[in-house]
């Protein structure tokens, strides 16, 4: 749960010292380059940061995607290549950032969070995606290979006019849109889990179902924490006066903003529904307990007086006239029935049965 | 409950791809056209989008209402006909929108939610209504046939001067007003259900009543979620600087805004009252349980000592002087009465009876 | 509880159709006119709206008070007479309005709520009061006869200089001030009820007291709902740039604003105190229950082992050496005492006694 | 608790009618005058308001302090003397005001609350202090004699340069500063009570401790209600554009503002801690109850089966082979031990012991 | 807990009287001076405030760090030396300040809180750090020796260009950054404690774990109270129009602002998770209790009827035909088995087993 693993490694270092904070991973980073304009597309896998330099020139849009940010040296080289502020390189490799947007004049810097479901235990995995875009280039940094950007790549390859004609700002928007759209898939999955849970809790309120509610509640806390700042990021982009963002792109940004609001709305709704589900669980459990207590009370209050009667005539006094009388036994029998029936009627009247 | 059914279908598609999200329905869409000015009214059912084109011309107001948005092709054709932004067509067919307003210069785009009660299970059905209006036309898109707009149609047919003289902005306002007025009917119904529920919970707090409270609570979560953004939509219209909205219409918009505030207010009040009802249920249940426990305790604590006494004189010791004595039995009888009566008095003094 | 009784009657009607929403009442409306300036006062009861027309002229302030708004025709006639917007007439007769203020240029329109205690069941009755004032007239509309304006009438009759010299804006302020001052009387009454309730809950936490708490809580929900918007109404008047309100009146408006804030403050405090009272009730009940459980446990745990002992020596085995021994009975007697006393000491040490 | 005692007396009176609302007190008001400048100090006790008039002249600062506001006549005379607005005199004698600030051009009017601990029952007493200051005079009105202003008087008498050189605004600030500083003493006392309470609740959760928590909670509600508006009062002074407040005084006002924020902060913290204390109480009680229930269950479940066994062999059937057998008794003895021990082990394994 | 120890000492003193509020400590304060520019560095431990005076001159940055603020005389001397406002000296020695920022034109004054873990009991120790910086000097005041500034000292000594070239504003930023970075270490530690606690609460919900939750909750209240105002402090610095802060430093301030937001975010997340942990504890306890109650109920309801049967045939009536019959005993045996088994099946069907 500790959301700042290794963050303490950084304490005491001068500002702008890039230290990779996050899960360590072996292997080289993977650098993919898309260089395109309306008529032309070049796709390349670069082995070194330096190989990307030539793409910067010309009137093409250059998209450089880096998978793996543990190789701090490469990220720093990229920073030097594109003239990025040292604090920014530090932010990219520190996977513990809150989604944010920074306007650095020549380029905009966006940090956001991509969500992956973890198949094993139904929790979510967060991946930090940093996007930097200038007038003719987009840099995207991810923690792992495998992302939600493939449809964008395909649209570029297929030469969809909108994708190829538009500038770097449209590409950056497309990346954000892909990330936000991906949230819906996860929310749908979550919605189904909550639906099932609710059905289960009504019919069979086991402690296991309770644990599931509590796990989802915690999941919601983290989900909320990552998605809320996205709202500010995208509205920040929309309201930005940077001339890197062209007017037609703003309509699209408003659209992705609407989607983000909807994601937040859905998360808040799920939280409310989880609260109701929790209430249903608690009242189901309490109903069961009350039933248990009633059974105990009914059994006990019927039999305790009866047992007293039998105890009474089990006493060994020499002089107990009732014991000698031939009517004694039938009278006790009748008396016991009267007690039992009247108790039963009392409980019936009280609606305890 | 999953509020984004099939939304995931859209992930990976380029922005502006209209994909119908919602319940699938067979059959064609139904297109109705009202074309009117102060002196003239033409009403027509069009079979194709293309048939609507001629109405655009002239100094009349044209209201085109489309029932059924599953036929994406028709909606797209309409979009092309009226020069709508592609993202907008996407929003119309995606029934999972949050109420919103967008100013596109030549026309305003409004998304809102119409409520229908579902007779079977007392829940609500939501229907998305999209309204687009320019200087001389209003387009309205609904999911199903059957709406709350019939009174408006009748007023147009009867030639009510206000309705016929005013422009497209007044017609758009009338549609919004009809939708908001409709909420009151549903709120009244809800109010009655809550009243009945409260009466029931006081007299007979069954788990069924609890389930009803929880169902209403969930209903309120969704109701709230759809009505709150309506406030921003209508105040957005009112504050809009678009010259599509004429000054006299603004007075009416403020009126419908007041109604929306009142709807929200009523929803919040109902939520508060449901909380109180929940508290009443819980305290009723807890009162009953306490009563049950008291009965158990009283019966048990009166009879347990008595049973001990009878057990005592049921022992088979050869040498128990009390058993032989002719006073033994009467003394035990008296002792038992004393124990029972003093216990009774103790409980009486403690106000447990 | 349903706060919009008959509101649904309006759905489907064109905007500006005045439909009386509220309790129906037989009889005519009562129209009272005060026409005054510094030197002159005329008081009249008009039988028709038309009779009020002459008072409009001249340099006097005209106050027309209408008791009973079920006669929609009269209200409409008044609307025509004074040139009021049709939506406004609709608002006056619809008693389901939220307090609000509207600036219509030539006149200001204020809706507010007057409170009456209902002697029978200790609930409140709400009455909608609509106030319209222009440069030289004030119209006030009430649901029933009987109001809090008598002191104002008396001051006018007595010719108090402040009342008679000031304009229509001061009169309108006086009406608002009378309404807000009236809240204090009700709040004092409420405060006393809450005080009594708290004392009762500590000494004798009956379910009846709980019902009273819950009733007051509901009362507070409605009270709050009606008073909160008053704040915006009066601050709206104060900040208004309308030249109908003269500067000296603003000082008075700020004073009534302070009073409204104080009313709201008191309501919030009462809500908080009701919560504490509820907590006190719940903990009192829980204390009692714990006491009940302890008594049961003590009685049961002392006697259950003793009963076992007596049962043991009540067994009918032929060969039980203890039964034959003359020491058997005294030893069992001693053993029982030891068990009882040690149990008692155990409970004493555990502080259960 | 009723926070508006006698407030209802005012309903129906014309605005600006000063009616003393608050505890009635016999005796005359006490008027003290300090008249000073850098070189000169005159201190006098006036018996009549009129005696204060001469001090108004000259280039000295005049501080008139009135103890006791029940003598409405004197307050009114003072109002006339200094040309105060009638509503203001009304506010001074109505001790039910919310702290506020009003700028009347020639003078500023401040209402605030002074706190006194009530030694008897540990509650707080509120006293309303009204401060009016113009360019060369400060009027302060208190409900009772005895205040926190003595150190200010001493500083004036001792001729501390800062106190004597500065104008009326600095004196007004000094009064506010004394009032706010006084809150800290009370908060410290409260802090200690909460600390003690928490320690007590952990070791010995009695209902008395609970009552103490609830009393403190209520105290906090009133404390909060009086201190929150002080924040607006002082920030209102600081932001005021009135030329009665000189620039050097603003630094001091910001300081007292910081103190007010700290008081509010501490109150909020105490509220949070009281909530935690309440939780500790509830969980302590619930722990105890669970222990009680466990003891009952363990005793009952061990002895109930054993009692059944003894009952079984206490039956009087003629033909019960076990009763005749010489092994019968030892076997039952062994069986009972086995049952008791296995039950014990079961509970031990379940960690109920 | 009392957060204002000795604060009451100040009540009644004139404003600007520096009184040390906080833990008293013997010994002299320790004064360390760093005087540097790009090429030059002088480090000195001064024994008197006066020794620092020469460093003020020249085009170097002078950092004077004072450990220990109980020696009010020295702090006052420093105040005189650097021309500080008397209220400011008062704030420095009063360790009960809320984090704040004040712009005094020639210098900026910052109060913030440094956190130290207390090894003994896992609580936090707060230390107030006051920072004052002008165009060429930085004064920092701490309560105790030992701080988080050593890495900054080392960077200065090593002559890191960024540290040495930049002005006083960068040094002040570095101090703030060190303080905020230090929070992460403590948050990580807290995160681990919360993780462990949660695991423990699921497996073994002891009252000790509950106490730990409650202790952490209280810790969070204080943590929150100290860190929230830091946000305003740093955003105040960032938005400040003071020309003491150069533009390049602002980028760094935004960075430390982001860190502060992240600290606040993490605290809020921890609070939410503690709430969930509390819920888990409560439901674990309640599950256990329910299990206990079920065992009691099952044992009691099986054996109570059986005990009644045995009691019945333990009665000593002379005329009980069943007792004489040779089939009596086997029939009762069978009957008892039937009762026990049917009870068992009933509980099984009810899922109580």
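So that you can tell them apart, the chains are marked A, B, C, D and E in the order they are listed, and the count of residues begins at 1 in each.
Criterion: contacts are C-beta pairs under 8 Å (C-beta built on N, C-alpha and C of every residue); 3 or more make two chains touch, one makes a residue touch a chain.
On a predicted model such as this, the values are computed, not experimentally measured, just so you know.
> Walk from chain B over to chain D along touching chains and report the minimum step count.
The fewest steps needed to get from chain B to chain D is 2.
> Measuring from the mean C-alpha position of chain A to the mean C-alpha position of chain D, what distance in angstrom results?
42
> Measuring from the mean C-alpha position of chain C to the mean C-alpha position of chain D, what distance in angstrom results?
So the centre of chain C lies 26 Å away from the centre of chain D.
> Provide the list of chain A residues touching at least two other chains, using ranges where the numbers run on.
Answer for chain A, listing residues that touch two or more other chains: 293, 296, 300, 304, 307, 311, 314-316, 320.
> Building nodes from the protein chains and edges from chain pairs that touch, which of line, ring, star, complete or other describes the result?
Ring.
> What order do the chains sit in around the ring if I start at chain A and move toward chain E?
Here the ring, read from chain A toward chain E, comes out as A, E, D, C, B.
> Okay, in this complex, where on chain B does chain A touch?
Residue positions touching the partner: 1-5, 7-8, 10-16, 85, 87, 91, 96-98, 100, 102, 204, 207, 210-211, 214, 217-218, 221-222, 225, 278, 285, 288-289, 291-293, 295-296, 299-300, 303-304, 306-307, 310-311, 313-316, 320, 322-324, 326, 328-329, 332.
> Quick check: in the complex, which residue numbers of chain B touch chain C?
The touching residues are 148, 150-151, 155, 160, 162-163, 173-174, 177-178, 181-182, 184-185, 187-188, 191-192, 194-195, 198, 202, 251-252, 254-255, 258, 261-262, 265-266, 269, 272-273, 276, 279-280, 283, 286-287, 290, 293-294, 296-297, 300-301, 304-305, 307-308, 311-312, 314-320, 350, 352.
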